[in-house]
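Going in written order, the chains are labelled A, B and C, and every chain counts its residues from 1.
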Amino acid sequence: MSSNQVTIVGGGLVGAAIAYGAARRGLSVRVLDQGDTAFRASRGNFGLVWLSSKGGGMPEYARWTREAVGLWGGLHQELLDLTGVDSGLVQQGGFWLGFSDEEVQKRADLLAKIDREAGGIPFRMMEPAEIQQYLPDIGPKVAGGSWGAHDGMANPLFLLRALHSGLKKCGADIITGVDITAIEHDAAAGRFTARSRDGQSWISDRIVIAAGLGVSDLAGQIGIHAPVVTTRGQVLITERLKPFMDYPTNKARQTTEGTVQIGSTTEDVGLDDGTTVDKIEWLARRAVDTFPHLAHARLVRAWGALRPLTPDGYPIYQESETCPGGFAVVCHSGVTLAAIHANILGPWMGGLTDAPAGVARFRGSRFLGKNTRYASDH
Amino acid sequence: MNTETTDLIVIGSGPAGMAAAAEARALGMSVCVLDEQRVIGGQIYRRIEDTPEALRMILGKDYAAGSALADEFRRSGADYRPGATVWNLSGDGVVDYVADGGSRTISATNVLIATGAMERPFPIPGWTLPGVMGAGAAQIMLKGADARPSGPVVLAGCGPLLYLLAWQYLRAGVQLAGLVDTTPFSAYVAALGKIQGAVRGRKDLIKGLGLVSQVRLARVPVYSGAKSLEILGRDMAEGIRFQHKGKSREIAAGLVLLHQGVVPNTQLSWSLRARHGWDAGQLCWTPVTDEVGRLGQTAVYVAGDSRGIVGAIASGVQGRLAALAMHERSGGKVPPGRRAVLERQLARHVSLRPFLDRLYRPLDEHRIPADDVIVCRCEEVTAGDLRSYVDLGCLGPNQAKSFGRCGMGPCQGRLCGLTVTEVIAAARKAAPEEVGYYRIRPPIKPIHLGSFS
Amino acid sequence: MTTETLFSIPASAGQKMVRIEFEGETFQVPEGISVAAALLSNGRGAFRTSIVGGAPRAPYCMMGICFECLVEIDGIPARQGCMTPVRNGMIIRRQPGAPSLKALASGGRNEH
């Protein structure tokens, strides 16, 4: 048994970003991660670094996201310098495309509301002819769209590798292949013990539970209410193509490697991370409707991943009141929010800074005693 | 839209697929055979219905023996669909495939995976150069197009197919610049321990040894016990370098044909999330099935080389045995004595296997290459890249894939999967079972996005 | 990158031949063989350059697995040469790196 200052349970995009942010500032960090075939939302992330339409029901979240996308360039450069891994950030704006006038009008109303409430999130609605100046290959079924200058994309897999590689460079201890089943808090000593299914244990002064689907149970053990619902997202990925799509869209984006990612579904299917023929067909048709030339592109992979969401779709960031130094995080926008997780949450949860302004809005206790149905805004 | 249904869908029309289809038809089942290729026979009996006589003489008796099975298959009345690429399979018997540019669905009470084998990857320096091919690939060119090497050619590696091709080339009048045999002398000794089985399969054994001695008699330079193979050349293969009896040797050749055995084509069974085990004798994954090839409690069976390498004749017998089992599972009756006859045949034809597996076990250094060798040809990921992911905490192929894109190209990991497992296992000093394999998902083969319109 | 012929196909009486074009050169090849076999038997070295490193590549497996034999056929890029039978009048070109979607689109139109 050994002691470290901070233990992060979960080495996905969320856990790794927070861990990296703490380790980068000199803290002693340990990451406990599962094995090769764990459910990993990070592997099924669509890869958008996206601000538009975020926070339609919570202006604080819109502002949080705005700050996050603003910090991304710095994180990207820092990781590139430190590890040589390019996390593929491109922030040149992005499009949302709609297939009906009604859909486009709803979009315009939503974006106007967010800009009004949160402030500083401009957008522009465009007719198909204008969109074509940016995306010449859109098809006749595209009825219109919105443009967000803050929007962009990154490579989620390379971001994850960059974070892990950065953690290693900062001297963090990454322990893989362990499944954490219990967290204990020794109030007198002010210490946490994380125990794995196979009987190992790790002691630390602070602990951050960022274990995706596994957060609820572990967070409950240190007195944090963190309800998690899962949705499955399926995405399709084509062979690499020569660049043709200069801007990401909500329906498809071309990665810097050249593959086209087509996404994504939102399905309530419990713990099944498989793919289904009907959704593959639906995604393929929708992609071809958006960019007709894609009919001739080869589909190489389909992917299903389970995303951990809270009931209202907004994150939970919370320190335990009963077990100080213990934190829980639930968030499915691990790419968009990577920089704020690293730069703001890492130092906070590592004990270097006070709670960030406004973070109280993201407490899990907002779900206590309520029996409301929430809708996420993606 | 109603989905088309049938009693049995067979995927692949090699020996296992053809025999299973014929047997099932004889039992009265309706059978649909989906074949990605355009003609029946699989790879082993490629072009069997249409081989020119002179070529048939070159290919030899074992190839010609496929004609009887092809005839039986044709006469059986099975519904044969060439150019049908299966891209999705479900455990309850639904198959999605693309033919003529469109995706179609067909379902059946039983499905038989009979997708055969592929050549084991041979990752050595220079193996991606034009002019380097599998010996099996060259044999496919011989069968399919009557194409023979026109300049200096070297055959390198080990395994029955390599010697058979050498023998066929000699009959075709092809000059061999060399046969570089990586079978170490120690393997002969070790294989003797498996001789019990080999005695039962002595006819096969004598035939096999006969091929090798004929190659030697034809004054082809044979380098036995060679190791450390590497391809020479910058933009094209220009030859091969290897260690032989403590000396470095080079042979100039524009065509180098590599082979170190064949391995099961397991993509479909993996896609069902069926359990697979690491076969330490054959150094590959095989699906875990019951004794007749059924995958767990699914409607899916596996027969032939896609279940574990057994060769053409035994594959056919396995196909027939699976047909009997599937017929019975659907409530049908099987003629008395039929199963016992087939089981005896199977025992005879697999008896040589342990001996061959031991004798032609590919060298570690040709499966688990040095850092600078490309493992994933599509995404150009090297063994060194993989080892660096292991250093980052990667435990298996799936995290390695997400860290470095290995296995993400159009071949979907087929040509790197085994190597990735073994490289990670060696780097972690763990068993291949512990390391695992890629999570295989549909589409099983790349399909065009427009296939659904 | 024309080189010596790696394979050859002996002429046989009565064999029906078709005409194909590769990078502007015309060949007579036996009907029914694959594009990959036809090109390998007519002295063509690399079929394509790899997408990541721009390295020359040519067929490896000949059975539809490795995707090394990708060529542009009748305007459609990245087709599997080993899985496509030759057809009279076929126009084949090397596949430089990744396929271009624009070429895919125009090729698709020409096909129908």
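Brief remarks follow.
Here, contacts are C-beta pairs under 8 Å (C-beta built on N, C-alpha and C of every residue); 3 or more make two chains touch, one makes a residue touch a chain.
All figures in this text were calculated on a predicted structure; none of them were measured in a lab.
If you sketch which chains touch which, every chain touches every other chain without exception. In this structure, the chain pairs A-C and A-B differ in their number of contacting C-beta pairs, and the larger number is found at A-B. Taking the mean of all protein C-alpha atoms as the reference point, the chain centroid lying nearest to it belongs to B.
Centroids built from CA atoms put subunit C at 24 Å from subunit B. Here the spacing of subunit A and subunit C, counted between their Cα centres, is 43 Å. We define each chain's centre as the mean of its Cα atoms; on that basis subunit A and subunit B are separated by 41 Å. In subunit B, the positions touching at least two other chains are 409-410, 446, 450. Each of the following residues of subunit C touches two or more other chains: 51, 108. Across the assembly, subunit A contributes 239-240, 294-298 as residues in contact with two or more other chains. The residues of subunit B lying in touch with subunit C in their complex are 36-38, 43, 50, 52, 54, 118-119, 128-134, 136-138, 140-141, 144-151, 235-236, 254-255, 377-380, 409-411, 414-415, 445-446, 450.
Interface of subunit C with subunit A (complex): residues 51, 76, 78, 97-102, 104-105, 107-108. Across the complex, subunit C is touched by residues 137, 239-242, 244, 258, 291-298 of subunit A.
On the subunit A side of its complex with subunit B, the touching residues are 11, 33, 35-37, 40, 42-43, 157, 160-161, 164-165, 168, 174-177, 236-240, 257, 259, 262, 274-275, 277, 280-281, 284-285, 287-288, 294-304.
Of all the residues in subunit C, the ones that touch subunit B in their complex are 1, 3-10, 12, 30, 32-34, 37-38, 40-41, 45-47, 50-53, 55-68, 70, 83, 85, 108.
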